[in-house]
Amino acid sequence: MDFASDNSSGASPQVLQAVLAANAGYAAPYGVDDWTRAAQERLSDVFERDCVMFLVATGSASNALALAALTPPWGAIFCHHDAHVMGDECGAPEFYTAGAKLVGVDGSDGKIDPAALRATLAAFPRGLVKQVQPAALSLSQATESGRLYEPTEIAALTAIAREAGIRTHMDGARFANAVAALAVAPADMTWRAGVDVLSLGASKNGTLACEAVVFFDEALAADMAFRRKRAGHTLSKGRFLGAQMCAWLEDGHWLELARHANAQAAALADGLAQAGARLPWTREANEVFAILPDHADAALQAAGARYYRWSAGRLAPELRPREGEAFVRLVTSFETTPAEVERFVDIVSGAGKG
Amino acid sequence: MDFASDNSSGASPQVLQAVLAANAGYAAPYGVDDWTRAAQERLSDVFERDCVMFLVATGSASNALALAALTPPWGAIFCHHDAHVMGDECGAPEFYTAGAKLVGVDGSDGKIDPAALRATLAAFPRGLVKQVQPAALSLSQATESGRLYEPTEIAALTAIAREAGIRTHMDGARFANAVAALAVAPADMTWRAGVDVLSLGASKNGTLACEAVVFFDEALAADMAFRRKRAGHTLSKGRFLGAQMCAWLEDGHWLELARHANAQAAALADGLAQAGARLPWTREANEVFAILPDHADAALQAAGARYYRWSAGRLAPELRPREGEAFVRLVTSFETTPAEVERFVDIVSGAGKG
Amino acid sequence: MDFASDNSSGASPQVLQAVLAANAGYAAPYGVDDWTRAAQERLSDVFERDCVMFLVATGSASNALALAALTPPWGAIFCHHDAHVMGDECGAPEFYTAGAKLVGVDGSDGKIDPAALRATLAAFPRGLVKQVQPAALSLSQATESGRLYEPTEIAALTAIAREAGIRTHMDGARFANAVAALAVAPADMTWRAGVDVLSLGASKNGTLACEAVVFFDEALAADMAFRRKRAGHTLSKGRFLGAQMCAWLEDGHWLELARHANAQAAALADGLAQAGARLPWTREANEVFAILPDHADAALQAAGARYYRWSAGRLAPELRPREGEAFVRLVTSFETTPAEVERFVDIVSGAGKG
Amino acid sequence: MDFASDNSSGASPQVLQAVLAANAGYAAPYGVDDWTRAAQERLSDVFERDCVMFLVATGSASNALALAALTPPWGAIFCHHDAHVMGDECGAPEFYTAGAKLVGVDGSDGKIDPAALRATLAAFPRGLVKQVQPAALSLSQATESGRLYEPTEIAALTAIAREAGIRTHMDGARFANAVAALAVAPADMTWRAGVDVLSLGASKNGTLACEAVVFFDEALAADMAFRRKRAGHTLSKGRFLGAQMCAWLEDGHWLELARHANAQAAALADGLAQAGARLPWTREANEVFAILPDHADAALQAAGARYYRWSAGRLAPELRPREGEAFVRLVTSFETTPAEVERFVDIVSGAGKG
């Protein structure tokens, strides 16, 4: 019963098998191997256009490298206050951009509100030398509250960015879950909606350690090989990254894994709601945010369940837990079993009845 | 017949098996898992003392993070002119240290000459504000010329560093090959000889993608968790790094792999010498540098052999190739077979006779 | 009638005279001259203790260097949302700290609220690797709203900082105006109240271009000579900085200048209030923030008055200008004349009657 | 008798007078004032074309900002081993470029040798990801050995740079002395010879603290306002910088000052040569490098003469001082008097006779 993070899971057997298979014989190092080339092609198929891909081992590297490609040191990156790049990467974007500023934008459910984005951008006039200059918009799909942007919502935000002369990055740590949940084409959720660079997450959803920075505008990728190398993110045995990405994308495996995770989250959300828990943010992908009675929380922990307490400060005041309640985040993965979900719900139900 | 790099090889089956085994069940992410803990212990055993280990996926990251822990932005890092950190990492040390300066030091065979080190250090007086300040010595073991420092040679250099008030880093991309070749204790080659931080390479010698920054002085590691996180080098599924390092160190597997590579290099060097090639730098570990007649070079390439031309500028003038000769680097790995070596030598011999 | 900024004024004749006097003969360059030494002593007298001073030519440099001395690249600097370091220095603190994060704290009138500081600090737990680490508190005296912290208020905030294990910086761009207005000892407003480093502004109040970074804890100044040099802020003819600071501090000249500026601001505030303008933030030093009818604004501009519109977003909603009103900032300096103040007020009064 | 540095001198009375004159009344801050505009025009006159100028207070800032405009963080800046940017600015170029690498190039007399430049550039192939990429050439005029490049020599070097696809910066800390000595047009020594950006030094030759970054290619200046602001080098009372530059350039005042300094250096060099000193580097501008007998050195110091010992390591072996000799640098300025020169020479002559 580990709902702490989709990072607590391992790798999909198919992905692991591909790594084993890639181990035979010699291969050119540093990402110019056949596996990486194949992954590049498969990715272009998935996104229905040529795109330029750089594989790295972590999501923070993927985000920071992508943002550095869009932002000068005196740039402002606009993201939601709760965004992972804002608060959960120990300043990686600031490091990689040589000191750009992340500017928090308002919006409920971790989603940037278009009016708030306009207002925030207006506070950073282009050419006003004393201020950092608008450089990039960063959207998280799914958001830190587990919510999703519809393609039309993305398009509305990127249009505002484009008007302001800035580019859009998408932090897709859970992009697969979003695509699976919304049942839209990856292209519709990205470049067709105005996204310029995607940090495509795979590690949370079945790879060992593999993420892709995907540029839809090739010109933006011009310096990327140097940035990645200089950051120590060009793996010597690049074939193992390529093999992971290939296997993950093959025959829709990535979406299959994501659909499973989403389905478990749906079951969990439903079960908890029936057990009386409040879910302040609608469950859409593979994260469930729940307000539980303290005794349910205690019973779960006694049973060895793993999950994180979440900051109530992120909730609108009227939705916050009351005395005697705990606000928790529950994440499912491709490995989550129906039995785990059932047992978790049972404990909450039982505690409720207790 | 791939002698281009030990990075052209894959991973040792034992290491891969350990990764597979680590895949079962849930594990805490970000390097606080059981496998990483076990690797830490195994490493402390290998080095005969407590040491603090940080696992990362690349050697450049390992070097840059280690140097950043020793050097302020206004610091000078003293290394050999040919050092990997100086010329082959696209400025990673400069990036991670926020702009420190790498200062080249003279010495034959890629080895820093003690007198040259003293003279270079003397040119950077402590407290002279207009100059960057002495901060770290970085030694490569094996060197870029494939040569090795004896423990006494290391001790002599670290003593000079200590007198100058600076710390010593060792770039151990081929540390295993060095230990295997010299048949000394890892401790004798590092902390007992005055090394403060080791970048312990494993990827070139049998792991998928796993390197360790090893601090012998715990105080130097104080900020490392933040540095690594901020660089995007804290892998989410840390268990897979831990599992690789564990398996690699288990029962001397790492030295077994290195001994094999070294033995192939020895056979290659002997064969080439007998075939009339000149070896300007003595072969000691798993790299052979050879001056071949152009027609041998042509025959090898026709046969599909892979290796790199090397810069003759690194050779003392009297050792340089003459008209009609090529200077090449040949690297063996744990996967190199005696048949490959034999075939390579045969072609050179045949070409010589041709 | 220039109320745009105290930077619109020139230098005090006494300061200029000292620069002329310092021009005779040779002097050692780079700040080891007699004038700089004398300034250092005078400053120690003013602050009633030994302190370590570094002179630079701009306030942004002074702030950024001071903050860099307190903050690692993965550090968080806590300051008011409206602080100059947050929004008016084009990211200088981020540049000098190699990417630290400035975290905005709430509080009315540009003053950090102690409870808000506690709450914000609580969101950055020490040792939580995914987050930047608490490193420094930065207070602006006077604030961007022209308000002042009493020494007891400063002490309350620095106590919270100290509990959190972080140091306190004071941006004293208008420190002289604050000291003059509150009639307290400089020591009481700084180190006796827990401030570790002061950016002592002088350019806005009578020097040509001279600011001092003042360390009350000598240990914090250890690297400052290198930081300043490396930033290109060590002036070659340091005697001219020393001479400015000496003359400025001599016989309380700095406070005399500030008292004049404050008195003009007081007269301006009173006059405007009588003329019917609303002053949403109490005037305390040399800045007046006023809400004027649009026609007064138009009449002033027609008369050639210079001043800035200010962001109404910084006001509490109930204080904001209404339709037909303009929110403006008016700054007086040591050069502002009573006649200018009178004329400005007359225009507003006249427009009101019009 | 201060020959330690042209920084030991003060400012020209005409420049000081201009500063006094500029003090009257209000002026817009941050460099958008009338004096700065006038300086910009005067500079364009001097250089016979439109150019974009940014005034700053120090030469290190001027160099570092100019180089940062030419170089990405993964760039290589090629300069002479002895260049000021390489060794005398505490890593300012590395700081401002976010970690670019300065690569030393050979050449006698501090002058880059064209063949050496070609060879060094050849070692940094464009597109080879593991290496930093060629980005800028930096020439020092005059060099650190007091020698000058003829315009044709500059053109030859910039042509090599252009072929390699990189831009050229000129560190003109003593540009005025060079122009005065060679009696060529400033345009011939810069943009007509292929220089893209000039750091025009004025502080060593008569200003208080004023240097100009001069862009001959406007496109390179696009981000400069942000770079300068973010570095804290945009002075609030910009009029005082503008006034200095105006007065310095007015009616050839700058060249008049430089000619005086050069003439004193010529007299010093002649006198010393006649007194038996060896001058290993031909005197061309306002620096004299001399090898004196130790007893002359002692006599000079006893008489209170100020100058620096210089590193003999910069001399070709056959030119180095022998036992009983000292190698010294002597710098003259616009303030050096014939009497000082005479007295200095007399002491050396007398000591020689002693």
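The chains carry the letters A, B, C and D, assigned in the order they are written, with residues numbered from 1 in each.
The working rule: a contact is a pair of C-beta atoms (placed from the backbone, for glycine too) under 8 Å apart; a residue touches a chain by one contact, two chains touch by 3 or more.
Small disclaimer: the values here were computed from a predicted structure and weren't measured.
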Counterpart interface for C-D, drawn from A-D, B-D or A-B and sharing over half of its contact pairs: A-B
Chain pair with more C-beta contacts, B-C versus A-B: A-B
Mean-CA-position distance for chain C and chain B (Å): 51
Averaged-CA centre spacing for the pair chain C and chain A, given as whole angstrom: 41
Centre distance in Å when chain A and chain B are each reduced to the mean of their C-alpha atoms: 35
Numbers and ranges of chain B residues touching at least 2 other chains: 30, 73-74, 89-91, 95, 98, 129-130, 226, 229-230, 234
Category of the chain touch graph - line, ring, star, complete, other: complete
Touch list for chain C against partner chain A, complex: 73-74, 87-91, 94-95, 97-102, 123, 129-132, 311, 313
Contacting residues of chain D [partner chain C, same complex]: 2, 4-5, 7-11, 13, 16, 19-20, 22-30, 56-65, 89-92, 95-96, 203-204, 208-209, 226, 229-237, 239-240, 306, 335
Of all residues in chain A, those that touch chain D in their complex: 30, 72-74, 98, 129-130, 133, 223, 225-227, 229-230, 234
